[in-house]
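Both of the next two complexes hold chain A, though its partner changes from chain B to chain C.
Moving on, here comes the complex of A and B:
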């Protein structure tokens, strides 16, 4: 198994290194596609099992929700072929073809979302965002391209100071940006017009899993009646249904390296939190603009 | 439009023929051809038209393999039918007056020995109990069960029956029309011997299997059409005993569709066997296997050291908890909440304690006291409505409301066969009133409420169901998976596509 693990992990790591702009799920899917092409198995079942193992390996490298959900969707998307063709090699060809289609669709999703979302940013708007999200960056880029003027507040987002990275990228786009403390969200909320965040995963109830601190921002926004928008690609939709913060599985809460060491997790600080659907106004996805209750509908369609 | 008009004319002609036959019968007092609405099969008529006349409210009209899809009746047709009916009734009244026989009300004992089949008709779905005109029309044709006691004004559109006098003493049931097994079932429902939506539905389907076994097609009739017509009086009888639940309604719809879509080429015994197999499959898939699937999904939501609150007695919730305890992976304890007058929580307590689950028993007025230590609430449901509301035993919405105030997640377990397409935003529109005498309690030999009927300003209300709005429920566990409350119409849509 050790030798089989290496190729997808290496491709995955290489991709994340070379193209920092690519979503980790897209890189994972590319790695899986490469793995599929190289697979030497002879049966469909064997292929599915080895793909599943590959997905597990990848989640051990990067434990985010998106990698797991993207992998699951990829598997589902290509494995519907096994019902139609009985000849294995033909089946595999079709699978690879479909995998490529899935990959292209998924890489275009960010642009689709940007096109849907930027009309919601009006001229003179003040936006609050959280941590570093490439989708939010793309949306704000599209807004700048359509000649809108707006300013952005970014939370610092400890413990990895992802907010500083976001601020640097925004400054390159010539957008006036202010970095605020995580604790200052309640203070700044009355000044902003809307809150725009990305998501690492979108769950069945329509809630989101995102960098720690998102839940607080959502609660403050609700209290002050500010719209809370989420931008996420459709491959981030995952078949989880957490009832509260505790219900989110541990494998998503902590980084992969921490989980591997197997130390006592009560001492560790979680990296993500769960925001319930009642706090979210709208979700912008490549499937369209959805309300939280429509997410379950889309999930049923995706996974059916 | 041209073919529609000619069908309208045909409808009118048939109506008039039927009314003439009825007139002849009432004059001569003989049992003629059964004059049930729309059940007379006339050879040569297109099947779709007859389906329209049958007026079975639940039979889905589109998408079935063999049945012609119809668009429902047009307004003109409905008006024509109503006109024809009115004229016929007027003619009937005049004929009766001319006869100089007894008035219409003792029609019951006079007609029952001589005309068994035309007697018991299907009640319209929404019986307006407080509309005297509608009730007068019904008393001419159907043996009605009498209401008991004064009703609260807000619920005067519902029936309120007493359990003291058994059903068979109150109404005369023509034994040639109603199968004795159905009479037994009706008695069991009305006396509360069979309780709980799953139990009632299983009993209903078993009795229908018996009905089908004992059924024999009369000559010149087709099984697929006649059997549905024969089921109607049984269903209306059972509705009189106790209003049907949503699950039972769906099961009956399914059965009627299966019967009416039977191919003509089958012999009678083959057809009967096929129907019995279909019923068995329905029972197995929708109730038994669904319970297992739900129990497995719910197990994922039960964590170690959980404190789970349950209310009343739901067979599904009990099974989930017993299975979870048997798997021995999770240590949890249960708080059973109970309420008067049914005290169903005692049955839950009995079942759980027997399996060795650690239980606490409280009455519903103590829930604010226990909720701070509860980690989740697990409820059963009687029906799930199309807007996501949960219809369940009275008291459930109260528990959901207080749990929301304490931020405790509320989970509802419900099989998909209980999903119905009705929408209700409050608990008044459609509910069930139980025997008000249940509220009278004997303490130290004295019943304080004993003389409530004499007191003109005192009314007793014993509601059975209430409706919980969807925003108080966090998660619904069904056999199709875990869905939020707002996705119920999606499931209904998927189910309709499947069928």
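Moving on, here comes the complex of A and C:
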């Protein structure tokens, strides 16, 4: 079991290290595809079981929602393909081929989203964003390329100061950026024209799971009637339906290392929160511009 | 072939004439008429245009469509019809190509995972494609004829005896809707006159001709009267992809007043008014006409010192709308995305 564990973890870690721009779900799927190629089993059932173990191992490295959704998607992909072909070896060939096609498609998703989203940024807009999101960065890059002038406010996003990282990346693009305290969101909201955030996961109700502080921003935006836009790739759609913050499973809220030590979680600060769909104006995904009610439709089409 | 060239240039002239009429925009054309004219033109293009493959036809329709929509961007029905025809072509091609009826044309997570390769390239020629597409367009024209009646048929489900209904301006769809209900019930209608063109007056005259008790009032009195109103029923120019409306100027005020009093706001609009565009920076739905109506030119001196605008349309956000009644039934604004995916193909959202 030790040998079977090592390859996906190593590929996964290596990818995250070598390409900081890759989404963690994509890295997970790539690692799982590699695992699939090496698998020596003869049955679909055996394959599914070993894949589940592999996904568990990956979540022990990175407990984010994205890895979980990537893993679920991959399992679903296996099930769908296995339904079409009863011969296992043929099935495996098709799976590997389709897996590669899928990976090429998702690598284009950020550009698709940027193309859809940048017309919503008007010339002279003031945008508020939260923490560090590569998709938001790509969208703002596309807006700059289409010669729009705008300024950005980024929340500092404690405890890891991801906002500073985002500000640095934005300065490189020559976008005027101001880092603000997380507590200053209510203060700055009246100056802002729109709020643009990424998402770690998009849940079935159309709400999102994102870095802690997103819910606050959404509530302030709603109170001041500012549009709240979310940009996320479609592989982040996850089969959760939280009704409140407590419903989000603990394994997503805290880092993998914290969960491993098994200490009392009431002392820990969660890293993510849930934003309900009533606070979100539009979601920009590679499947198109969606209203929150359209998200569950997409998930149903896939999983049921 | 002299015949084809002649037909080609005649067709081109007709399209140019249509575009010129749209651009001039003098009389306020009925959306249904614009839709019908667009479909007839598109049918001619399919019938007489020079194309041999589905891909070429789609490019041809797209180019002509862009020309027509550029003439008057606020007439969104033109673009909608072009997109409907493009979807019809894709469907007919798919059917002839032997693709199963169930295969989803839309992008979806499911398709992302199971598709084996590149998307359609529409390059195989099929001789019966022309006839099939023309037949489908004829079906759409027939459907167009029946839209107002289909909407009016639903009137009795929504209007009850002794109700007070408020409307704004003049909408032929709402007129038919109220007249159908008036055949069996007695109710009152309050019409907001909708300055500066005051189309509300014409609406009131038409309604009173069928013995509906009508009151006309100024737009400023909308909020004051709202507490006595049971329902607000309005028409619209366009329905946007997020469920919002582009309607006559004054509708947003009406919608806000209705929301404040928790009065249901019902929008009667046929499906051809549904446009896959979102309200964004590049929206060109707004139309400004001569400010003569707002401040007449006879005012002379003051004109040099001020700016006068006369916008025709208003944006109404989806949260203020309760129900859409269309020729295919009643729907909530949050369901619009689904209706859109049935009418148009995502690749055609950008013409």
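Just so it is clear, the second predicted complex is superposed on the first by the 303 of 304 C-alpha atoms of A that agree within 3 Å, B and C clash if a C-alpha of one lies under 4 Å from a C-alpha of the other, contacts with A are read in each partner's own complex, and residues count from 1 in each chain.
Note that a residue touches a chain if its C-beta (ideal position, glycine included) is under 8 Å from a C-beta of that chain, and two chains touch if they have at least 3 such contacts.
From a predicted model like this one, the values you see are computed outputs, not experimental measurements.
Q: Clash or fit: what happens to chain B and chain C when chain A is overlaid?
A: Aligned on chain A, chain B and chain C fit with no clash.
Q: For A:223, is the partner it touches chain B (first), chain C (second), both, or none of the two (neither)?
A: A:223 contacts neither chain B nor chain C.
Q: With the two structures laid over each other on chain A, which partner does A:184 touch: chain B (first), chain C (second), both, or neither?
A: Touch status of A:184: no partner.
Q: For A:204, select first, second, both or neither according to whether it touches chain B, chain C, the two together, or no partner.
A: Only chain B is touched by A:204; chain C is not.
Q: May I ask you to name which of chain B and chain C touches more residues of chain A?
A: Of the two chains, more chain A residues are contacted by C.
Q: Please indicate which partner A:243 is in contact with in the superposed arrangement: first for chain B, second for chain C, both, or neither.
A: first
Q: Could you tell me if A:297 is touching chain B, chain C, both of them or neither one (first, second, both, neither)?
A: both
Q: Is A:121 touching anything from chain B or chain C once the two structures are fitted on A? First, second, both or neither.
A: Touch status of A:121: second partner only.
Q: Report, please, how wide the angle is at the C-alpha centre of chain A between chain B and chain C, in steps of 10 degrees.
A: 50
Q: Mind working out whether A:98 is in touch with chain B, chain C, both or neither, as first, second, both or neither?
A: It touches chain C, and chain B stays clear.
Q: Of the partners chain B and chain C, which touch A:289 in the superposed model: first, second, both, neither?
A: second
Q: Quick check for you: in the superposed arrangement, does A:14 touch first (chain B), second (chain C), both or neither?
A: neither
Q: Least CA distance chain B-chain C after superposition, rounded to whole Å?
A: 6
Q: Once the complexes are superposed, what residues of chain A are shared between the chain B interface and the chain C interface?
A: In the superposed arrangement, which is not itself an observed complex, chain A uses residues 293, 297 for both chain B and chain C.
Q: Going by the contact rule at the top, pick out the chain A residues touching chain C in the complex.
A: Residue positions touching the partner: 73, 76-77, 80-81, 94, 97-98, 101-102, 105-106, 119-123, 234-235, 237, 281-282, 286-291, 293-294, 297-299, 301-302.
Q: Using the touch definition up top, name the residues of chain B that touch chain A in the complex.
A: Within the complex, chain B touches chain A at residues 301, 303, 376, 409, 411, 471, 474-475, 481-484, 486-487, 490, 494.
Q: Okay, in this complex, where on chain A does chain B touch?
A: It is residues 204-206, 239, 241, 243-244, 246-247, 277-278, 293, 296-297, 300, 304 of chain A that touch chain B.
Q: Show which residues of chain C lie in contact with chain A when the two form their complex.
A: Listed in rising order, the residues are 104, 107-110, 112-117, 241-243, 278, 280-282, 334-338, 346, 349.
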